[in-house]
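What follows is a group of structures, each given as structure tokens.
Each of the next two complexes has subunit A plus one other chain: subunit B in the first, subunit C in the second.
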Partner chain A sequence: MDQNLYSAEGLAGVVFLGLLAATVAGALIAVNAKRLVRSVAGLSLCFTGVAGLYYFLNSPFVALMELLIYVGAVCVAIIFAVMLAEPRAEEKVGKSSGLGSLFGVIAGGLVFIGLATVSTKSHWSIAKTKINTGSVTELGSSLMTSYSMVFELISVVLLVAIIGALVLALPGRDKE
Partner chain B sequence: MTTELIRLLAFLVGIIAFAALNAAYLVWVERKGAAHFQRRIGPKEVGPYGLLQPLADGAKLMSKQLLIPDGVDPILFKIAPLMVLVPAVMSFVTIPFGEHLAARNIDLGLLMVFAFASINVLGLLLGSWGSANKYAVIAAARVISQNIAYEIPMLLTAIALVMATNTMNLNEMVSLQGGGFWHWNLIKLTFTASPLTPIAFLIFFTTMLAETNRAPFDMAEAESELVAGSFTEYSGMGFGVFFMGEYANIVIGAALTTVLFLGGWQSPLPFLPNSVVWFLMKMYVIIFTVVWIRWTFPRTQFYALLNLSWKVLIPISLVNLIVTAGWLKVF
Partner chain C sequence: MMLFLSSQLNTYLIIGAFLFACGIYGLLQHRSLIGMLISGELVLSGASVNMMAFNRFLAPDPTVGQIFTLFIMGIAAAEAAIALSIIIAVYRNYKTIDAEDLQDLQG
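Take a look at the complex of A and B:
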């Protein structure tokens, strides 16, 4: 590597490697932790790393949304659910069988090799002109025009989820 | 390139110093304020008017033993205070203290502050769960329901402002409020913001109190019910860092209120020069109000707290959002 570590690119590279390490370490903690809450803590570390990677991909909006939604809302909601559940339920019960984890490693490795081959071997043609600036304004107007169908469908899914939660929660109120 | 690096380094040091000094001296403001509201004197022994009290407190906290009780989750227990403090310090990066005094003038500044502010609750949560204390876990459950409930009206009022100003860049938002106090978003007497903005300001201020866990919404640390809530098991500097984080969050909340509604660094009268002094004055007036409220009002009941958000604040902020949209469409 001929780039100086103390140049701006070098520093950015160090930060990038740190984010990669955080993502992988977080994912490993999330999978291997014995206690569910620690898994979620690992998951939040992983999400933070991913948010940083998005920032490196020049999309700060997605990066900040990743933090706001995945770390700030999803992880918090998961921990909340864990806390409301039985206290014993948070410990991992039983050991996973050796054969199962072997297959898991093989399957995961195959997916990794496949994706890595695709991303390194295939020829990525770079668009001649920038499609848009990737700003929030562009994002908003395309969500409201070209992709409004998808947008509406997602809102229908959310509506169904809310109604489902209400239906599940309603009998609990009459019990007392 | 080098000057840019030096600038960033200067801002890094400055921001950390600003956050730490504010955290230390807000404790003094809090204690003095509490004392005077209750017709007492407050700290007065260490230095004139007790001004050196924060230093003494810091020395005391740092020299205390860090107790890690049996049965706690050691990693989460130690990380949690940092998870409250670090995101708050990160949020300072984009706050425009003056016209050219912001570490990074990020286009998505508002979103960035909200994104980092949302991590704070995760820190409180992991700390409470990690300390394996029943009071702490009860406090954590309360904190989450409170945070989820109050983040919605906060974001809704902020979105209405973004719609009116058409930007999420905090510095640009301040620039749009120039030319005297009647141009501030709080009481904008021009036809570019909805007439409900004063109500939006009240909602934002209330949710800011709740999001920073301040009285009358201090459910995380309800000392008369839950010992010390989330902080029950923390001692020495663990406790100290938690409190620095809490006060840094209050400063961020007050700074954001200043930027969004009170015109940031803009001077209140057109013939006075704009400067960082105005920003600090407005910010500290808000922080003083926060202290004032804490020592004036009793803590609300938990159910009243949740009802206030879901049944009052969220509907009103939704109405505000719709009125703003209609207003912008008509004018």
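Take a look at the complex of A and C:
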């Protein structure tokens, strides 16, 4: 393989390292920031990095969906909630007292070490042949054939979620 | 060689494990409900990264993992909508989103 930094593979590798750094830094900011707005900003940085990882995994459609749904919709909705319900600035935000952080570090570290060990030590068997290329056309046709039931079910779930969100947030609006 | 990380399965698996662990840490460490919701989204995206990595490197049918990830996104969007409206309702009644102040049902 060509290991020159200025070849196409080398530049793609540099871009990939940047995406990895964005993902890791965004996740760390999201869980460690003092203020909630900065947490949401870190979350959107992390999701942008993850969308780039999806692009490297041969799935540009899922990468675009990640940007549209997570960065464009979920993060904006969370920011609206922060604007409606953030505690006042003088109160302590975010962090819990020492014990919660300690348990968090222990549990998170154990989970990370366990999962990383399992995934690097296991022997993954690669499929002999691929039956299609995973393009957007094949994605759409299998959504309409093999997975049409799941597709319908998730639309029902989204409808119920929208109605449920309205029902939950509606009472009390006229009092204020 | 650092420049060829993108063609190895383990890179993606470790990133997925890292996102999952960050989510667990944030769930235990955050006090506000919105912070917990943000950590939950990190857990879900760690699962999605794992799915996409197996889909790219191991699966015989490369559409399955993409569809799974799209459904995870749909579930996560529904979950965020419901959780945010619950948080708004809690804030209206208690004037706080700190999880440790919500103790009405604590024995």
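To be clear about the criterion, the second predicted complex is superposed on the first by the 156 of 176 C-alpha atoms of A that agree within 3 Å, B and C clash if a C-alpha of one lies under 4 Å from a C-alpha of the other, contacts with A are read in each partner's own complex, and residues count from 1 in each chain.
Convention: contacts are C-beta pairs under 8 Å (C-beta built on N, C-alpha and C of every residue); 3 or more make two chains touch, one makes a residue touch a chain.
These numbers come from a predicted model, not from an experiment.
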**OP:** With the two complexes superposed on chain A, say which partner A:73 touches: subunit B (first), subunit C (second), both, or neither.
**Re:** both
**OP:** Based on the superposed arrangement, let me know which partner A:44 touches: subunit B (first), subunit C (second), both, or neither?
**Re:** first
Original post:
Does subunit B (first) or subunit C (second) touch A:103, or do both, or does neither?
Top reply: second
Original post:
Of the partners subunit B and subunit C, which touch A:23 in the superposed model: first, second, both, neither?
Top reply: second
Subject >> Partner chain in contact with A:148 - subunit B first, subunit C second, else both or neither >> reply: neither
Original post:
In the superposed arrangement, which partner chain does A:83 touch: subunit B (first), subunit C (second), both, or neither?
Top reply: first
**OP:** Please name the chain, subunit B or subunit C, that touches the greater number of residues in subunit A.
**Re:** C
Original post:
Touch check for A:61: first (subunit B), second (subunit C), both, or neither?
Top reply: both
**OP:** Scan A:35 for contacts with subunit B and subunit C and give back first, second, both or neither.
**Re:** first
**OP:** Touching subunit B in one complex and subunit C in the other: list those residues of subunit A.
**Re:** 61, 65, 73, 80, 84
Subject >> Of all residues in subunit B, those that touch subunit A in their complex >> reply: 1, 5, 73, 75-76, 79, 106-108, 111-112, 114-116, 118-119, 121-122, 125-126, 129-130, 137, 140-141, 144, 147-148, 168
Original post:
What residues on subunit A touch subunit B, complex-wise?
Top reply: 8, 35, 37-38, 41, 44, 60-61, 64-65, 67-68, 71-73, 75-76, 79-80, 83-84, 135-136
Subject >> subunit A to subunit C touching residues, read off their complex >> reply: 1, 3, 5, 9-10, 12-14, 16-17, 20, 23-24, 27-28, 30-31, 36, 39-40, 43, 46-47, 50, 53-54, 56-59, 61-62, 65-66, 69-70, 73-74, 77-78, 80-82, 84-87, 92-96, 100-101, 103-105, 107-109, 111-112, 115-116, 119-120, 124-134, 138-139, 142-143, 147, 150, 154, 157-158, 160-162, 164-166, 168-169, 171-172, 176
Original post:
Okay, in this complex, where on subunit C does subunit A touch?
Top reply: 1-6, 9-32, 34-35, 37-39, 41-42, 45, 48-49, 52-53, 55-63, 66-67, 69-71, 73-82, 84-89, 91-93, 96-98, 100
